[in-house]
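Pasting a structure here, questions to come.
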Amino acid sequence: MNIEAVVAPLAGRQARPGGTIVRAGGVEIGGPAIVVIAGPCAVEDEEQVMSAARAVKAAGARMLRGGAYKPRASPYSFSGLKAAGLALLARARAETGLPVVTEVMDARHLEQVMACADVVQVGSRNMQNFTLLEEVGRCRVPVLLKRGMSATLAEYLLAAEHVLKGGNGQVILCERGIRTFEPSTRNTLDLGAVAMLKRHTHLPVIVDPSHGTGVAWMVPAMACAAVAAGADGLLIEVHGHPTRALSDGGQALTFEQFSAAMTTIAAVASAVGRRLA
Amino acid sequence: MNIEAVVAPLAGRQARPGGTIVRAGGVEIGGPAIVVIAGPCAVEDEEQVMSAARAVKAAGARMLRGGAYKPRASPYSFSGLKAAGLALLARARAETGLPVVTEVMDARHLEQVMACADVVQVGSRNMQNFTLLEEVGRCRVPVLLKRGMSATLAEYLLAAEHVLKGGNGQVILCERGIRTFEPSTRNTLDLGAVAMLKRHTHLPVIVDPSHGTGVAWMVPAMACAAVAAGADGLLIEVHGHPTRALSDGGQALTFEQFSAAMTTIAAVASAVGRRLA
Amino acid sequence: MNIEAVVAPLAGRQARPGGTIVRAGGVEIGGPAIVVIAGPCAVEDEEQVMSAARAVKAAGARMLRGGAYKPRASPYSFSGLKAAGLALLARARAETGLPVVTEVMDARHLEQVMACADVVQVGSRNMQNFTLLEEVGRCRVPVLLKRGMSATLAEYLLAAEHVLKGGNGQVILCERGIRTFEPSTRNTLDLGAVAMLKRHTHLPVIVDPSHGTGVAWMVPAMACAAVAAGADGLLIEVHGHPTRALSDGGQALTFEQFSAAMTTIAAVASAVGRRLA
Amino acid sequence: MNIEAVVAPLAGRQARPGGTIVRAGGVEIGGPAIVVIAGPCAVEDEEQVMSAARAVKAAGARMLRGGAYKPRASPYSFSGLKAAGLALLARARAETGLPVVTEVMDARHLEQVMACADVVQVGSRNMQNFTLLEEVGRCRVPVLLKRGMSATLAEYLLAAEHVLKGGNGQVILCERGIRTFEPSTRNTLDLGAVAMLKRHTHLPVIVDPSHGTGVAWMVPAMACAAVAAGADGLLIEVHGHPTRALSDGGQALTFEQFSAAMTTIAAVASAVGRRLA
């Protein structure tokens, strides 16, 4: 279905022609300033998450990402520190003041995750987990809803509608790459989705170039491209030692790479009439 | 990832070279006989489900399908009768003796669903809902795990591994069409998946030509093709009045169409050295 | 575009509701009998093509395939014997009586190819080489037009319309697998395309399970599935020594495998009310 | 195949680590400055092409695009003015001084096209028309080789290798959108391809956001994103009256829209350390 044919009275642009600003931990997403959210794929240990939090803050990130509950294709892969990981994120927030984004995989963990998260993420694999969408829809927590790997934009807008219908209007959308025939990248980053979503919904739209490519050296260029395409924010994986990362090390920037990228990202933001938050 | 590279010690073919037979309500899936599971997409009312159950039984189906909890892209679409739908399925089973397959969308509904289902279905949108996979893995109920819309066969095998790792070896796989660029059908039925899965796992593999095409008149031909490709069973949508169906009417066979299709399906089964259960 | 929306006054089913039978070298394609076309991917040498021609004939094939002009992704791959390959095909035809199908890659080779071919093939990569379609449209030679790797069925029907508009109504369509996200097979064989094409065009539709999978052991099952889906014929790669083949050896059947497959294919044909030609 | 595994001794980056600059009609593509090529999809009449040429020149375009030979899915669509269209392009070049890019669909037209074109385009549908690639490889004319609709980057690099192997090193690559499951846009623009190609080949890489989206209002944002991603140039469709265009009007910018877009494109170029040519 073409996104133009979707019936989404709550998530559709016409509901709020001026756009929605989502506020989380003092940060505004969807306003004129572009918000960079950065941090490790998974929380691994205290040193790793604390050093990453400090580094991304120093480089200009305004929120910290980090997974405590990690969906993994294989049951034999590292699937996160769970409650202990949430505690480490809370500690990083306490020290750095950065609000935290972390994923919730199951409605039964929601209360626990909300206790330490400023934004709860619903991951790509759960974009059409409708009972989870309904649960976060009943909460008063900002939700970062990632696009499914092969979700059409129409389906994506309707997934957001599930959340809004529950009464929670604080939803951030995130393009994170789609599945195509191309084997050289993990996913194909669909930046046209940013423009198309911005036209058809009032919700903020951010981009995850780390999952969108799966290739660390591509991330800075794709982050710049995302901002040029109109994204309201970026979600970037950063790790102190990518080669030792327990998950997705191949797509993580080092602290230095992230810091260097932020300079160009800021310049591109300025070129399109915006600035970094 | 190529399916040949997958590490799946429990779901991989080598774990049980002779193949697994899943037993549900007296029916064996994965043995020499091909099992046809049929019924409406969604349970709508008593008359609808009872008449469908009788009709599909008379035509040779050995199990009844019907959705009580229905995942729907839009929150404004009919999403099933839920508990009341389960009760109607239980009634249809009591009268016809057909074991029942129905979907579970949320771990919190599992007990309720298991009380009336002989096989619980994990739908395409939940193929990588790992906490749900773990929950059904802890149960002793046969699981029908549908392939995700854009899941690679490697990911699919690993999703089954999640269930088996929990201790539940009674898993049936189901190819139900994948997402491609072709707009003339709802999905593209991937019958090569049947051959590939049969080689790489010992689990039974069935095919859903109704979702696989989304087009009722294509279903009989695709059902025959699925059997010729080596499927252990079929999952077919049948409705007394497809044009009045509350969901997916365009892909449902009438009772007469289903009955006619069963004759050809049986002939093809015989041609490849099998028979209908 | 949905195939139902296509304007194809010549190729559309309504132009010849009863269907078209293409006649080539005494063989009829599109009638009640199913035609198996078999032989090597590429013509390599006299012994190879002669032995393959004899073997496939003995097993029941009614036409010989073999490439003299081979499109190859890399300019460093074997690209066929060209004129010498055509001469070998002519010799194989003379000895076995099997009509020959071979590819034409360029309008400037058309006369030369037609001199030895009973059917000229326009390959997947040239499905929208419109000047080539127009040239074969002006000839009086049967054309085997393969579906492009990512051609929609609407585009495919229109490609046939290009040929028919030139005055040549002797066109055979061939589903040969489409490009998807799945890495375990070379292509994803789209058997729903057979049913959909048969409804929307009067032209014969055959299936190439060799390219459709790229995996030799999958070919017999997929050939049976194609016949069950309604195909009018099969295009199968056979090689005396697949491991020594100069191209696509991984998808070629040995003589013994081909012969064994023909038995099951014949049984499936009979199950759906047809027979092998 | 992953692009890292490709054997392309001529097109691969290692052959010319410093990168190739293609020179056409006094314009350099592949150097520090970004070249914008603009003009109508198809040449329709003198007034249309002349006014477009003047307008795009005034707005900062350095080359003129326009199709005289147009590949069209349907044989009933407008397929270009052919020789008359070439003559009009020559006139536009004479008046404005803009070098001309136009498509060649058939090796037999090559001499005629080269007589009026500074760059000959090989279109997406011909990316694997290997005899055409060989012919342009024998010429001394710059070639704009567009990516096939579902070509992997590995195949694309090898297609360029076909041209270079013939002796013609003046090849420009062009990402123009790939085919995915998303129906809301004509194609999915793959800007990751720009970064990936720039790393693996020394050839200049440009982007066509007009075909890449099929949606005029998306073109300015996607053009900016392409530049931010590292593109060496842009190919943009511009038409005096898009609603009256004989082909692809839905993706053409008006003169005013193009002029406005150029301002932002220039700012983004500057942000990433480049400038418009």
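Here the chain labels run A, B, C and D in written order, and each chain numbers its own residues starting at 1.
Just so we're on the same page, a residue touches a chain if its C-beta (ideal position, glycine included) is under 8 Å from a C-beta of that chain, and two chains touch if they have at least 3 such contacts.
Note that the coordinates shown come from a computational prediction; the quantities given were computed from them, not determined experimentally.
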Are the two sides of the chain B and chain C contact the same residues or different ones, given that same means over half of the numbers occur on both copies? same
Remotest chain, chain C as reference, centres from CA atoms: A
What is the distance, in whole Å, between the centres of chain A and chain B, each centre taken as the mean of its C-alpha atoms? 34
So the centre of each chain is just the mean of its C-alpha atoms; given that, what is the distance between chain A and chain C in Å? 47
For chain A, residues that touch 2 or more chains besides their own: 150, 154, 179-181, 183
Counting only contacts in the complex, chain C reaches chain A at residues 150, 179-181, 183
As the complex stands, chain D meets chain C at residues 7, 71-76, 79, 105-108, 125-126, 128-132, 149-150, 154-155, 158-159, 161-162, 165, 179
Note which residues of chain D are touching chain A in the complex, please. 1-4, 150, 152-154, 178, 180-185, 188-196, 199, 212-213, 215, 217-218, 221-222, 224-230, 264, 267-268, 270-272
